[in-house]
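Here chain A shows up in two complexes: once beside chain B, once beside chain C.
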Partner chain A sequence: MTGILFILFAGLAIGCATSMVVQRNPLYSAISLIGVFISLACLYVMLAAPFIAAVQVIVYAGAIMVLVVFVIMLLNVEEEERRPLRLRFLIPVAVILAAIFFAETAFIIYFVQASPVTLSRNVSDVGLTSSIGGGLFTTYLLPFEITSILLLMAIVGAMTLARSGGLLSSRAAVVPGDQVFSKELLDRREPGDLSAVTTHTTKEAAQLLGVDKGTK
Partner chain B sequence: MIPQLSWYLALSAVLFTIGVVGVMIKRNVIAMFMCIELMLNAVNLTFVAFSSFFHDISGQLFVFIVMTVAAAEAAVGLGIIIAIFRNRESLDVDDASTLKL
Partner chain C sequence: MEDLKQIGLISLGIFVAFFVVMTMVAYTVLAERRVLGFIQGRLGPNRVGPGGFLQPLADLIKFIFKEDIVPDKSTRFVYFLAPLIATVAAIMTIVVYPFGPEVQIPFINKSVQLVIARFDVGLLYVLGVTSVGVYGIALAGWSSNNKYSLMGGLRSSAQMISYELALGLALIGVILQSGTLDLYSIVEQQAGHLGITGWNLIWAQPLGFFIYLTAAIAETNRVPFDLPEAETELVAGFHTEYSAMKFALFFLAEYVNMFTVSMLATTLFLGGWAGPFVHQVPWLGVFYFFGKVILFLFFYIWLRGTLPRFRFDQLMSFGWKYLVPFAIFNIVLTATLQWSGALDYVAAFLKTSTGWWG
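== the complex of A and B ==
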């Protein structure tokens, strides 16, 4: 029974992966990739790892693919056009190397199967949420914290990359606590001048901007 | 017929190879990005299979961390893709073969 399920989900995963590579429209590729993620989640359930399966569906099929589909639609990606194949003379070399590679793989798999070591699968609590949480907050606490720093860096990096232009020139040095304006903002006669004008107090800033009417 | 460890490893190898082939033959940046995600998933399958067959929790914790790295990679990678598109008006890697944005 589990063998049939394995073949079903493995076939689905390989089929979706192949379709992802073959498709020319990126949106169809993305939907095929979601199919791969879902079938891998089913395989995780068969491997007695329900927590990882749930995270796979939520993080991969949910969050990451929504981001990818969002970017595909935002950029309005057109289909890839066919291009003439360069380096045509390398195709026979590639076929020979692939044949050698497959022969090697078959050799290794044959001898691994012939070896007498067999692994048993009996019921254990490995893969349940409590055991994963226990491992994450005791033995692997340092990697966990490093991962959180990595996520923070990703947030800052994504915001820096996706920001359009900016009001200041990249050479402007800013001291924390100061209020900084670009010269363009303060003086209409110099459009495009992004050098920094620094003020130290809110009152000074208001005077520079010309909104200091009330205190006069 | 119970699935053996080698079945899962073979499936993982096949998925990883499809991902590598995709990265090599695709020219669209977003398609290459998705192939990299597929390769990460193939490795995750190996981790979970070993973890399940050896009754060791470490493999599944690694998978958890790999997923976090993949999420961070998605955020930064898509930011880079948007920046490239804004400068080049194209998503073809051949149009962005110089490192200058």
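== the complex of A and C ==
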């Protein structure tokens, strides 16, 4: 029973992975990748790790891939054209690496089956919610916190890159007539640069400050 | 042999649950049309069968026999896949909900818990499957090759990602409270006096309940958050190009989603099958459960009849600037109360001083 399910989901995972690489349409690749994630989650369930399976689906299939699909849809990415293959020397290298990989797998299967040691217990508590939570908040607390700080840095970095327009808030109003701004005020990527930028019309000033929403 | 027996029992359970839920969903559609009719001062469909009772059947036959039109420049495979994803993801969550307590099945004389699959991470399973359901709508919008559809699909994916966050955070309060992700245990903990006083809604998670309800309505794309299919702007949003049975599948997915969201709210906040005299007559639990679910469904219909639609920027700012911070506040509050033991103290006080609290 378990064997049949394993073959089913493993086959599905490999098939989806192959399809992900082969497809030329980015959206089809994304859908295949979702298939890979979901079949992997099923394999985790069979390995008695339900929590990891659930998180796999929620985080990878449900959040990250939604964003990928979202971006593909938003940019309206067209199907990639088939280009003549460059770097032809990679093909024999790939064949050799695949051969080594299969040899390794065969070696491991043969020796694991031949070894006299049998597994002491079939059920582990590695994938259970309580053991993961306990581990995260006791033994591995520091790495866990550092990871969260890393994520925070990524968010702050993205915000800084996206809002490099100016230091003014979006509610700032523009005074009519000639105005002089410092360059520092207009572009926060150049702090300390006080050279003057003069504008003559309200519209120009608004454009420089990035507050001219709806005035075009 | 024992394996086969187990599989047979589970299949039977899935069949019964599927049948019951589908029937109730069909009649939710009828109820929605009739209640909306009454709210708007008209009758609603009442001609097919007594009081319109056979209307869902007539609708089904109509959907099956309608012509199935596929747009010429659509992406065929994805266009067919999208309604399937939406429906399957909606229906798959049914298996983890506890419909009732442990009951004696007549005829075979066996005592079973009325839940098809009880496992360690039931709540996370629900969240995971629901989050996959977004693809149905997003891909439908993309593959139809239509601007309105695409806008609907984009809006819905943005909306569902945003509100999923608030939804998940609102549920953390309940998880902190009960210390488990297993839905059956969460219901059992809410028994209380007469099966009412222990509900999470009443004295532990009122804020969490409100946040969950709001986020869940947004998650199911219902009024007042039905931006993905705003008729006035987008024709019909993501399912503009869908017709006949494929449209019916989207329609079905929406109502099944409503139903499962109501079941989750009942399970987590309203004590599931808990109610007066369930201990004496276990089968009562099933009726309590579905009664509470029907209450939620009525609430949905009521909202649809009375509230106007949000604007998209209002929707986004409400989700991110109000719901998420409130949800985080709720988590901190629950954790603090739980850590200080205040809730246990109140419970003990009420029990000893009034002798009333269960």
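One rule holds for everything that comes next: the second predicted complex is superposed on the first by the 126 of 216 C-alpha atoms of A that agree within 3 Å, B and C clash if a C-alpha of one lies under 4 Å from a C-alpha of the other, contacts with A are read in each partner's own complex, and residues count from 1 in each chain.
To be clear about the criterion, contacts are C-beta pairs under 8 Å (C-beta built on N, C-alpha and C of every residue); 3 or more make two chains touch, one makes a residue touch a chain.
Remember, it's a predicted structure, so these values are computed and weren't measured experimentally.
Asks: Can A:A63 be said to touch chain B (first), chain C (second), both, or neither?
Replies: Both partners, chain B and chain C.
Asks: Can A:V55 be said to touch chain B (first), chain C (second), both, or neither?
Replies: In the superposition, A:V55 touches chain B and chain C alike.
Asks: Identify the partner contact of A:V71: answer first if only chain B is touched, second if only chain C is, both if each is, neither if none is.
Replies: In the superposition, A:V71 contacts chain B only.
Asks: Compare chain B and chain C by how many residues of chain A each one touches, and report the one with more.
Replies: Chain A has more residues touched by B than by the other partner.
Asks: Mind working out whether A:L43 is in touch with chain B, chain C, both or neither, as first, second, both or neither?
Replies: first
Asks: Hey, what residues of chain A end up touching chain B and chain C alike?
Replies: Shared contact residues on chain A (touching chain B in one complex, chain C in the other): 1, 51, 55, 63, 67, 74.
Asks: Which residues, counting only chain A, touch chain C once they are in their complex?
Replies: Chain A reaches chain C through residues 1, 27-28, 31, 34, 38, 41, 50-51, 53-55, 57-58, 61-63, 66-67, 69-70, 73-74, 128-129.
Asks: Which chain A residues qualify as touching chain B in the complex?
Replies: Against chain B, chain A makes touches at 1-4, 6, 10, 13-14, 17-18, 20-21, 26, 29-30, 33, 36-37, 40, 43-44, 46-49, 51-52, 55-56, 59-60, 63-64, 67-68, 71-72, 74-75, 77, 80, 83, 105, 109, 112-113, 119, 121, 124, 126-127, 131-132, 134-136, 139-140, 143-144, 147, 150-151, 153-155, 157-162, 164.
Asks: Under the touch definition given earlier, write down the residues of chain B that touch chain A in their complex.
Replies: Answer in residue numbers: 1-3, 5-8, 10-11, 13-15, 18-19, 21-22, 25-28, 30-31, 33-35, 37-38, 41, 44-45, 48-49, 51-58, 60-61, 63-65, 67-76, 78-83, 85-86, 91.
Asks: What does chain C use to touch chain A in their complex?
Replies: By the definition above, chain C touches chain A via 3, 75, 77-78, 81, 119-121, 124-125, 127-132, 134-135, 138-139, 141-142, 150, 153-154, 157-158, 160-161, 164, 181.
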